[in-house]
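The two complexes that follow have chain A in common; it is paired with chain B in the first and with chain C in the second.
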Partner chain A sequence: MVNLAWWVVFLPLLAFLLISLVTRPHRKLSGWITILAVGASFVLSVAILLDMLARPGARESAWQWLSLGPVHVELGVLLDPLAAIMLVVVTLVSLLVQIYSTAYMGEDPGYSRYFAFMGLFTFSMLGLVVANNYLEMYVFWELVGLCSYLLIGFWYEKPSAAAAAKKAFVVTRFGDFGFLLAILLLFGHLGTFNFGEVAQGVADGRLPAAAVTAAALLVFFGAAGKSAQFPLHVWLPDAMEGPTPVSALIHAATMVAAGVYLVARTYGLFVSSAASLLVVAYIGGFTALFAATIAIAQSDIKRIVAYSTISQLGYMMMALGAGGFTAGVFHLMTHAFFKALLFLGAGSVILMYFHEQNIWRMGGLYRYMKITAITMIVAALANAGLFPFAGFFSKDEILVAVKESGHLGLYWIGAFTALLTAFYMFRLVFVVFFGPRSEFSPSGHEALPDIGNPRPAQVEAPGAGASGEPAVSAQARAEADKHLHESPAVVTLPLMILAFLSIVAGFWGWPGLSHGFGSFVFFSGAGAGGGAAAEAARAAHAAAGFDWPTVIVSNFFVLLGLLLAWVLYGRRRRAADPLAEILGPVFTVLEHKYYVDEFYLWFIRHFVDGGAAVLAWIDANIVNGIANGIGALLMGIGGLLRLFQNGWVQRYALIFFIAVLVLVAVLVYREPALTAAIVGGAR
Partner chain B sequence: MDGGAMNFAILWPEIITSGVGVLVLAVGLLAKGETLQRSRAAAWVGVLATVAAALAAWNLQGRNLTAFFGGYRLDDLAVFFKIVVLLAAGMTLLFAPDFLVRHFVRPSDFTALVLFGVTGMMLLASALDFITLYISLELISLSFYALIAIQKGEVRPAEAGLKYLLLSSLASAVMLYGMSLIYGLTGSTYLEAIPKAFGSGQWPLLAGVGVLFILAGLGLKVYLVPFHMWAPDVYEGAPVPTVAFLATGSSAATLAVILRLFEGSFAAAGGVWVPVLLVLAIVTMGVGNLMALPQTNIKRLLAYSSIAHAGYILLAVAAGGSSGAAAVMYYTLLYAVSTIAAFAVVSVYSQAAGSSDIQDLAGLARRSPFLSFVMLAAFASLAGVPPLAGFMAKFTVFAAAVEAGLLVPAGLGLVISVISIYYYFQVIRVMYVSEPRESTPLTFGWGTRVALLLGLAGILLLGVFPGPALHMAQTAVAAGLF
Partner chain C sequence: MVPLPYYFALSLTLFSIGLFGALTKRNAITVLMSIELMLNAVNINLVAFSRFITPQALLGHLFVIFTITVAAAEVAVGLALVLTLNRHRDSVNLQDFTWLRG
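Showing the complex of A and B:
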């Protein structure tokens, strides 16, 4: 079974190579190659998962990649329940996204390139999942970063897309640096990259406590970059510039999942350092709340979902930090399904609705695209975490784990975030799918200016839209409405499959279930307090069933959020956000994402740019001078040496003999007895 | 040692290449209606012969047999170098016909000479006494005299051939003198007899002189400065396929014998030659890299590049030990693959342009993306850019030097090697950035395509998966030099 994992990983790479080297001119074929390869990977992943369910345990197979003195680097595969689950999630979501993409990207001139990159992206993520050592994981980690750069900037001719790709790359690279330092720190102390050996070394106390904490925090810094945790979250909303299926893949199953997966994979480090767990838990909890508050004031359909992603990732990190390993991983899985569904659903709307992304230009779309609307509502319920949707079970697990860990503050943050989640999800649903059509709805494909969140006062001013644009005449809109229809089956089929999973996937985590998720994926590591005690605690927890107070609290908050959304948006008459009036200036702050981007820009402009200018001056005037000087000097020496090389064979022979004579002279000179005889030192 | 018994089984690689060489020559001379185009088939026969010989050599791994009264040894070291020289010969024969036919040279003649040359190289890799060593070396040189001047009626190749003849005869004479000195002192021509004869004590002065004479003679073949002066002129004048084979096969085989002599026979006299070789290796790196800077002709640039790489390899020889020897072997392999790939590209574009000026590479990326990509990979590999093969090779060399305590030479070498990035990427810049002078797409035959693909695969695979080749080199060294 372990050997199957190699195939799972390398089939998508094969698709990438095949497309880029051979089939690039044949669009349809290129698409099918990636779909087939990822489909085969999915089937094999399911086989691996079934095998793992039948016989749980960790299996490793490694191949000595490089051996230089004391440094041994392996290229290996580590399969355990965690990896098996992730393989299935990644390949399934990737497969559905590819199928969806055949329609979404159908008209794009870069169709083949798109599918080649998708293959490479899937390969990188799968390699990251099965990696058995830190260095291998780092290689794939960077590959994932590279692929996201390529895909976010897929429409590189658009300046905003190119900028977003660069931003995603730079911000996550910033985090990666921490990860690299952690790897070097661990290798320096333990002399190995292997996950198991490092965990064992940490458990045996071969690493000073401070080093463990430092390593764990550095790993978390890397994970925070990829998983968009505060303060490294800024790249993710901008990443919406990529094609929507890419957003679905990045934000559900691959890039952002990588950070959470990394923390789960190296969990042995974290459990050995209480301080690092605390940092993870609080950063996660804060991010969950922080992103959720931003999400309630966004107007771009994809950005709302993007901030929701950041918020949910915060939940997962909070769970891991609170010791809820199973809860965090379970949420990673369920979230993959409903978040992919939200993005693909948003993409379906955008695709059919003249590529418009502002929710205030929509409204009442339910009657044109019923499948999209219903599946989106399912996803919204799952994301909000209402019983019995998938998100309920995993979020419930998280809240219980946090409660058990004793961080009651975090517990209430988590519960309150659930309210906000329900609110912003149904704000989206009501504004997009129900109520009257917007006064600002587009009547054709021409790009419209961004109107943001229209304020009620603006809309009520007679005859003018939010940005002063004239209202579209009823006739033109009726004409445009004739073109509205449901997306094709290749789009709706993935939506329905994901909706099904968003409903049922949670039941695997039903508390007390004898073969539930918790008895499959759990942390049994060699960390402090591991072994029998943890096993007993886990068994007790698994058997306990629902924590009723938490169930009631979380569902109450979700319903409250839903109700608030209905009160504010469900009965609206105009395309205007009443919340803007209620919250006043606070709303503006939220709308501007707490001005974090502006702060970064300000900081960069005033501090980094200044320093850079100084360095640039040094570079231009001093370093360049030196470099050019050295260059000129070397060129000069080269030119001088050239004089010897004049093509005369006699000269060459002469140099040959002189050289031999010099060598012999040196030898003789160094011979003490002979030197003495020649120089005259002999008696 | 097996006494005088003739164990022909271990000679299969040499038998195949020399036999096919004779056959190709005879058919080429006797067949009626032999045209240039039809004679291309001879090159394919030659390629098959090298493949068959390489398979035969591969099968002989781990045997460690001796034949011909101890004058010939088949061990893993020999097998490794045989495979390297066969690879060089095979790749050369793959892309040579396109060039030869255009210059009115019959591929059958060329093929026969390459096969004779590669036979000499394989014998040299197995030579265990001075007689075999010298004969093999002469077989190589004789083949190259003809291969360099094979373009009848053209002045530059003839001039290059003459220069090579004169200077390599000179080197042979000096080397023979060194051998005779050592033979006079030890009474034996066997390599393994030398350390036994001198025991553990101080070597006599004359023996040291002999060692240095041999170093000078072999140094000429591997571009050791200051015995390198023939190389740029010969590279520039000789036909491209000949240069490709000369740059890789000839120096690879000579390195095999250098390893046997200096790491084996002369190991006890390290005090005599190690300081000399260290200094010369660093000078070689310096001269090679510096002289490459002002070159405007790609063949001369590659000559100085060969010289620079010889410096790195000889640094590993001076470092010695098992890691030094393994580094020499791995470096030789990667250098052969990268260099031949580069020459295959040069062969195609210089035929089209009618010159080998670097300027004529302008816009190659647009005329043939594949060619320029191979050139990019080859040059990036030679410049030592990770994760390509050249990076791993430089890494092993400098690691071996550090392991041997040669921190200053290793540091100097690293600094000097930085220069190389400039001239390699200068060429890459011309290919990718400069406007093409003409825009006709470049065409080339299947043989060239296969050679280019082989080179590309080698550069990538040896870099990303250095394990197997390095392991092979390490086991070969561990098995002993004689």
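Showing the complex of A and C:
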């Protein structure tokens, strides 16, 4: 089975190489090559998962990659339940996204390039999942970062896309540096990169406590960069510049999942350091709430979903930080399904709705795109975490884990975030799919002012009545309606598959189930979250079934959020976001994402640029000054010497004569014996 | 017999005149002549030393004959140079020939 994993990883790479080297001019063929390769990987992954279910346990195979003196680097495969689950999730989501892409990217001139990058992206993520040591993981980790750069900036001729790609790369690189430091720190102390050996070394106490905490926090810093945790979350919303299927892949299965996966993979470090667990839990909890509050004020359909991703990733981190290893990984899996669905659904809307992303220009789309609408509602319910959708089970697991760890504050943050989640998801659903069509239509596109997120002050914009009456003529409306229809089957089929998974995936984690998710994926290492005591606690927890107070609280909050969304957006069409009036200036702050980007820009302008200016001055004046000074000195000496080279033969002769006199004088003075001999000889 | 220092005095006088001429005269031919003077001052020295130190061997004389030969060749080359320079620049003033100035 371990050998199969090599194939799972390398098939997508093969597709990438084949497309970039051979079949690039043949668009259709290139697409099918990647789909076939990832499809085969998916089938093999399922085989691996089934085998793992039958015989759980970690299996490892590796060969020596580098051997430099005492440094041995392996290239290996580590399969355990966690990796097996991730393999299936990554290949499945990647496969569905690629089938979907054949329609979404159908007319793009870079079709072959797109599929080549998709293959490379999938390969990188799969390699990261099966890596058996820190260095190998780091290699794939960087590859994932590179691929996200390539795909976010896929439409590189668009300046905003190029900038977003650069931002994603730089911000995640920032985190990667932490990860690299952690690897070096661990290697310096333990002399190995292998996950198992490092975990063993940490458990045996061969590492000082401070070093463990430092390593764990540095690893988490890297994970925060990839998984867009505060304060390194700024790249993810901008990553919306990429094609929508890419967003689905990044948000569901690859890139952002990598951070959570890294923490799960190196969980042995975290459980050995209570402080680092606390940091993970609180950063996660804060990010969950922080991103959810931003999401309620956004007007771009993809950005709402993007902030939802950040928020859900916060949940996962919070779970891991609170010792809920199983809950975090479970949420990672269910989230992959419904978040991919949300993005693909949003993509379906964008594709059919003339590449419009502003939700305030949509409305009433349910009539035209029933499959998209229904699957999106399923995804929204799953994301909100209403019983019995997948998100409910995993989110409740997280809340229970947080509650059991004793962080009551975090528990209520998580519960309140559930309310916000339901609210912003159904804000999106109500505005986009229900109510009357907005005044927007493709023929009236130029006539409309670019209203962005309509605010009360802007309602009086020309063409829009105070009550939001349609301003475009009935004829234009009818013209637009003719173009509105459901997306093709290659788009809706992945949506339906994902919707099905979003409904049923949660049942695997039904509390009290004898062969549930919790008895398959769990942390078995030593430390606070593992060991015999934790084993017993987990068994008790699994047998206990539902934690009814949490179920009631979370579902109550979800329904409350849903109701609020219905009150504000569901009953009738508004010209402006009513929330803006209710929240007032707070809304502006949320709309501007708490001005984090602005703060970073300000910080860079004033401090980083200032420091750079000082260094530039030092470079120009001191470093260059030394180099130029040496040159000037030599030129000065040369200038002096060239006075002697006046071309006047008689001057040369005079100098020669003087020099001879001097030599003789020196000789007489320094060597009196020799002089005496010469003079004496003459006598 | 005239003592050795007298030869020295004569030689030194001739050499100084030659040196002075070689360093100060503008005319290239005068400079060549001055160089001849210096060579001959050395010749006198050589012959005088030979007479006083090794009267039996003609070592100094041998050197003198060499010197005279070389001096003749030198004058031939030197005058040829002066002639060519004069043809090119219509001048035998050494201060006009500073082409190798740095």
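Here is the rule we go by: the second predicted complex is superposed on the first by the 585 of 683 C-alpha atoms of A that agree within 3 Å, B and C clash if a C-alpha of one lies under 4 Å from a C-alpha of the other, contacts with A are read in each partner's own complex, and residues count from 1 in each chain.
Heads up, the rule we're going with is that a residue touches a chain if its C-beta (ideal position, glycine included) is under 8 Å from a C-beta of that chain, and two chains touch if they have at least 3 such contacts.
Predicted model, so just to flag it, every value in this text is computed and none were measured.
Enquirer: Looking at the overlay, what does A:666 touch: chain B (first), chain C (second), both, or neither?
Expert: In the superposition, A:666 contacts chain B only.
Enquirer: Between chain B and chain C, whom does A:603 touch in the aligned arrangement: first, second, both, or neither?
Expert: A:603 contacts neither chain B nor chain C.
Enquirer: Have a look at where A:649 lands relative to chain B and chain C in the superposition and call it first, second, both or neither.
Expert: A:649 contacts both chain B and chain C.
Enquirer: By residue count, is chain A touched more by chain B or by chain C?
Expert: B
Enquirer: When the two structures are overlaid on chain A, which partner does A:65 contact: first (chain B), second (chain C), both, or neither?
Expert: It touches chain B, and chain C stays clear.
Enquirer: Once the two structures are superposed, pull the chain A residues common to the chain B and chain C interfaces.
Expert: 641-642, 644-645, 647, 649, 653
Enquirer: Would you pull the chain A residues touching chain B in the complex into a rising list?
Expert: 64-69, 631, 634-635, 637-639, 641-642, 644-645, 647, 649, 651-653, 655-656, 659-660, 663-664, 666-668, 671, 674
Enquirer: For a test of understanding, state which residues of chain A touch chain C in their complex under the given definition.
Expert: 641-642, 644-650, 653-654, 657, 681-682
Enquirer: What part of chain B is in contact with chain A in the complex they form?
Expert: So the residues of chain B touching chain A come out as 162-163, 166-167, 170-171, 174, 205, 208-209, 212-213, 215-216, 220, 226-227, 229-230, 232-233, 272, 276, 287, 290-294, 395-396, 399, 403, 419, 422, 465-467, 470.
Enquirer: Report the residues of chain C in contact with chain A in the complex, numbered from low to high.
Expert: That would be residues 4, 19, 22-24, 31, 49, 52-53, 94-95, 97-102 of chain C.
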